[in-house]
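Next come the structures, one after another.
Look for chain A in each of the two complexes below; its partner is chain B in the first and chain C in the second.
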Partner chain A sequence: MKKRGFADLFFFFLLLYLFLPILATMLYAFATNWNKTVLPEGLTFKWISTLFQDSSFIEAFGRSVLLSGGAVLLALLFIVPAIFVIVLYFPKYEKWIQAAVVMVYAFPGVILAVGLIRAYAHIGVPMILAVLGAYVISILPYIYQGTRNSLRSVNARQLLDAAELLGASKAQAFTKILLPAVYPGLFAGALLSFSVLFGEFVLINLVVGSRFETVQIYLMKKLSTSGHIASSVVFVYLVLMGILTFIISMLTKRSKGAAKV
Partner chain B sequence: MSYVVIEGLHKTYGTNAVLSNIDMTIENGEFVTLLGPSGCGKSTILRIIAGLTDATSGSVKIEGKNMNNIQPKNREVGMVFQSYALFPNMTVKENVAFGLKMKKMNAIEIVEKVKDTLALVHLSDKEHAFPHELSGGQQQRVALARALIVRPKVLLLDEPLSALDAQIRKKLQADLRSIQTELGMTMVLVTHDQEEAMAVSDKIFVMNKGEIAQEGSPTEIYTKPESEFVANFIGHYNVFTREELEQMIGGKLPGERQKFAIRPEAIHLKANEGDFCFTGIAKEAVMSGNVIRTVFQVGERTFSVEQLHDRGSSVELGNKYRCYVSQEDVVALL
Partner chain C sequence: MTSKKQLFVWILPFLVLVLLFFIVPLLYMVISSFSSGDGFTFGHYHEVLTSRYILQGFKNSITLSAVSAIIALIVTLFAVYAIMRFSEPVRERILMISNLTSNFSGIPLAFAFIVLLGNSGLFTLLFEKWGIDSLASFSLYSWSGLLLVYIYFQLPLSLMLLYPIYYGIQQQWKDAAALLGASTFQFWRKIGVPIMLPGIVGTFSVLFANAMGAYASAYALTGSNYNLVAIRIGALISGDIFAQPELASAVAVLLGVTMVIAMLLSEWSIKKTRRNL
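What follows is the complex of A and B.
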């Protein structure tokens, strides 16, 4: 029993360590005044409503959605078909994708930023497009894992064979059988990528900065003016991520059910 | 002209020959089995017939028509896979209807045919279920229905039953054979289970290392194996060298062949006229329900005898017995 008590205590402190900052931030977003007291003196929706009345926040939010969503969409259009073809028909080239995946993690953000500026700033490519391109590549790991795992779990090659022998063309087999079968895993990968990009700050700040103000950059500006507003931004962000995570977990559960043979 | 003719089929991966010089003929409405250990190339033959794998050389003809440059979807060949390969996003009904939809058959006819085919495989009550809600045996029935409904010229079955447990496998074997007879459909089954091959086939091709070791009816294959490989693979044959057997029976054997095989159930303890006779010491006995298998020792080597499990056939371990075998049951091997 004594041992168990120690474990529980340890677990309690771990949770406290992890969640206290988040709880405090969220509370601060709704606090009227919180200077000399342990808990806030009062609660208010003032900060949240101020935030949503600030047109530059709404615009920043829109830009973030546009940028992250655009990158995910491009990845789905170009990277996913490539992964399909490689995994199904040229498995020996898979090691190159795996190498690319590792590169994405290994590359330091600062080098990437400086490299992008050096490479594109002088030839007239808008820097925001350069960042978009880098984003598309940077979500390769999530897209690749999501796609490949769902292809593996449904034994995609055999499904294609079965469909073809029943008279389907390759295109029909792909659209009628394979896409619906791997869709949940693919969608989960896309949402994960979206949430990662939505929180990205280093690259966009260094390369583009306030010329294209995303939520993260807006947040940094507000940090120096109002802690309450900054906390509200974080609150909104956390709620959005919570929703996305919930959808992802629902989808992965469903795809597991469907893949059970 | 036979219905399916395979001539001079070769398949190599790099320098590794998977199939060499395969010739096969299959008649219309015949149930043919390719039997062999795993890795002997039997599944590759099926994939080549279906057009899913290209042969290195050789030809496949169905109804006299060369299939070499015809796409899988136009070959009118059906296939059932070991892992079922059902479409996970479709219900049983949609899975079965898929082939007809691809043929652009009208909806009313499709509903009718799906109903008939599901009745044929005893799954009428499951039409709205998804594959993951079914047992392995049921999933394989759906896969069978899905392949049967388009009435392929040849139905290929790639170890369809080996993932199922023994009882369901036996039941499905019987069903498979009765459906095949009912529809008069040409079927090619791949299996490594010799009992399964015996139970369902009109003709068996025994395969070893990418070559056909022997072909014939189940009875021919079982009673007249041509090589040591077939004798060992098809049953628990006792294989002797000429020297060993001549020493045991104390006489000369006819012919030039150097190896001989005797089925364990062909050896008995009661004498008939003209039988070869030898003595052995009973070493161990294993009872498997209706059959008792006794291992006898004679000199350096052992042989096994199988008898029906009835009273009076029991053997005392450690005792010496005279064993008899009819001359016809001593099979000379190549």
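What follows is the complex of A and C.
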């Protein structure tokens, strides 16, 4: 019994450690002045409204959405069909996708940035395209996981065979039967990928730099100039991540529920 | 046969993407690490391995990554044990919250720690007020400061990886051990921990690799001042005047080799855990 208390202490510490920085940053976004006192001197909406009146923030936000959303869209268009085909028709090659997933984990942004610069910086390719392409590859683990789990939970192969047996063409079986069944898992994977890319800093900063100012680069600039604006950016970022995480967990729950039926 | 060829068309764009944005860049990086102005050389590797500064960067990164991984592992090992007592819906809610914090990394995370422990941070002021000078003079922009930040982003990942491993320990085993007269402590020492050990090793190597490749938080806190491998690579590749892309490539290749070894170790131990559970 005593050991439980010991473990509970660690759990409590974990929660405290994970939440304290978030709460403090959120509070800072609404603090009038917080340099000399332990708690803020007063509360205000000034910083948030200043942030939303700053057109360079709005533009940076737009760029982040465009870049991350574009990469996720490309992954859905080109990577998901490939995973479908390999898992359903060439299962013996699936281990190659798994190997690719591990390799993507093994080469983080800072390494990939060196490669992208060495390969494409001197041949006239717009570097933002190189980053976009690298983003598509870097979310492979989440896209693969999302696709694979939902294919497994709906027994995709049997589902397709049954549809074809009943007279549906391959394309019909795919779009009318399989896609709606795996949609929640796929969508959850896409949102997770989006939220990961939205927080990406290394590749965009090293390869493109401030020529394409995303939210993360905007935040980095504000870090040294205005703490209040920086914390407002983090506040907005956290709210967005919170919404995305909530939707993802709802979708995952739903696709799990569907699998049980 | 034609149908298989038709199917291949769907795989082709994926292969092209992997080739263009993963394999080609990495190949160019390897080639560049061996090239001098006009030919082949081992010079950059020689420079890396004899440069005190770069080796120091590797040492700092390795200790920071290993220590942050071990602390996160220990905390989450106990925390997951405490979590397992809750009902399944509550556990899932806890995991969801932990997933939310896993997005809190990089620049935003660095900023949050500045709010707490920076020069006029909440705790810094609190410690000053209480007159605890040893804590008030704590610098966030040092090794121990970075350690706190690294532990933060290791915790949710560690929790996510350890949870399924705990989940695999079955109640029947505990009951059987208890029937045969084992205490809880004996169960964990003789059965539970040995079964989980490969999984714990695998989790450690994922965490280690995760920290070795991290760049943004350290960059946001210390600019290029604190000597970590990832920071060195960034400075060598992007420095306006002192850019040394070939040297950067050599350091990146060596970091890549470290990462691949860590990932292979984790793959191996995850396979081993699956066999056990």
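A few points about this structure:
One rule holds for everything that comes next: the second predicted complex is superposed on the first by the 248 of 261 C-alpha atoms of A that agree within 3 Å, B and C clash if a C-alpha of one lies under 4 Å from a C-alpha of the other, contacts with A are read in each partner's own complex, and residues count from 1 in each chain.
Keep this in mind: contacts are C-beta pairs under 8 Å (C-beta built on N, C-alpha and C of every residue); 3 or more make two chains touch, one makes a residue touch a chain.
The structure displayed is predicted, hence computed values, not measured ones.
When both complexes are superposed on chain A, chain B and chain C fit side by side without a clash. Look at A:G242: by the touch rule set out above, it reaches chain C but stays clear of chain B. When the two structures are aligned on the shared chain, A:P91 is found in touch with neither chain B nor chain C.
Once the two complexes are laid over each other on the shared chain, residue contacts for A:G62 go to neither chain B nor chain C. Looking at the shared chain after the overlay, A:P126 reaches neither chain B nor chain C. By the touch criterion defined above, A:G42 reaches neither chain B nor chain C.
Of the two partners chain B and chain C, it is C that touches the larger number of chain A residues. Measuring only between alpha carbons, the smallest separation of chain B from chain C in this overlay is 12 Å.
The contact sets of chain A with chain B and with chain C never meet.
Chain A meets chain C in the complex at residues 3-4, 6-11, 13-14, 17-22, 24-25, 28, 35-38, 74, 77-79, 81-86, 89-90, 100, 102-120, 130, 133-134, 136-137, 195-196, 199-202, 206, 209, 216, 219-220, 223, 227, 230-231, 233-234, 237-238, 241-242, 245-246, 248-249, 253. Touching chain B in their complex are the following residues of chain A: 154-155, 158-159, 161-169, 172, 177, 180-181, 183, 257-261. Interface residues of chain C facing chain A in the complex, by the touch rule stated above, are 4, 7-8, 10-11, 13-15, 17-18, 20-22, 24-29, 31-32, 75-76, 78-79, 81-83, 85, 92, 96-101, 103-116, 120, 122, 125-126, 129, 151-152, 155-156, 159, 184-185, 206, 209, 212-216, 219-220, 230, 233-234, 237-238, 245, 248-249, 252, 255-256, 259-260, 262-263, 267.
Put simply, chain B touches chain A in their complex at residues 50, 52, 71-73, 75, 77-79, 81, 83-89, 98-99, 102-103, 130-132, 139, 146-147, 150.
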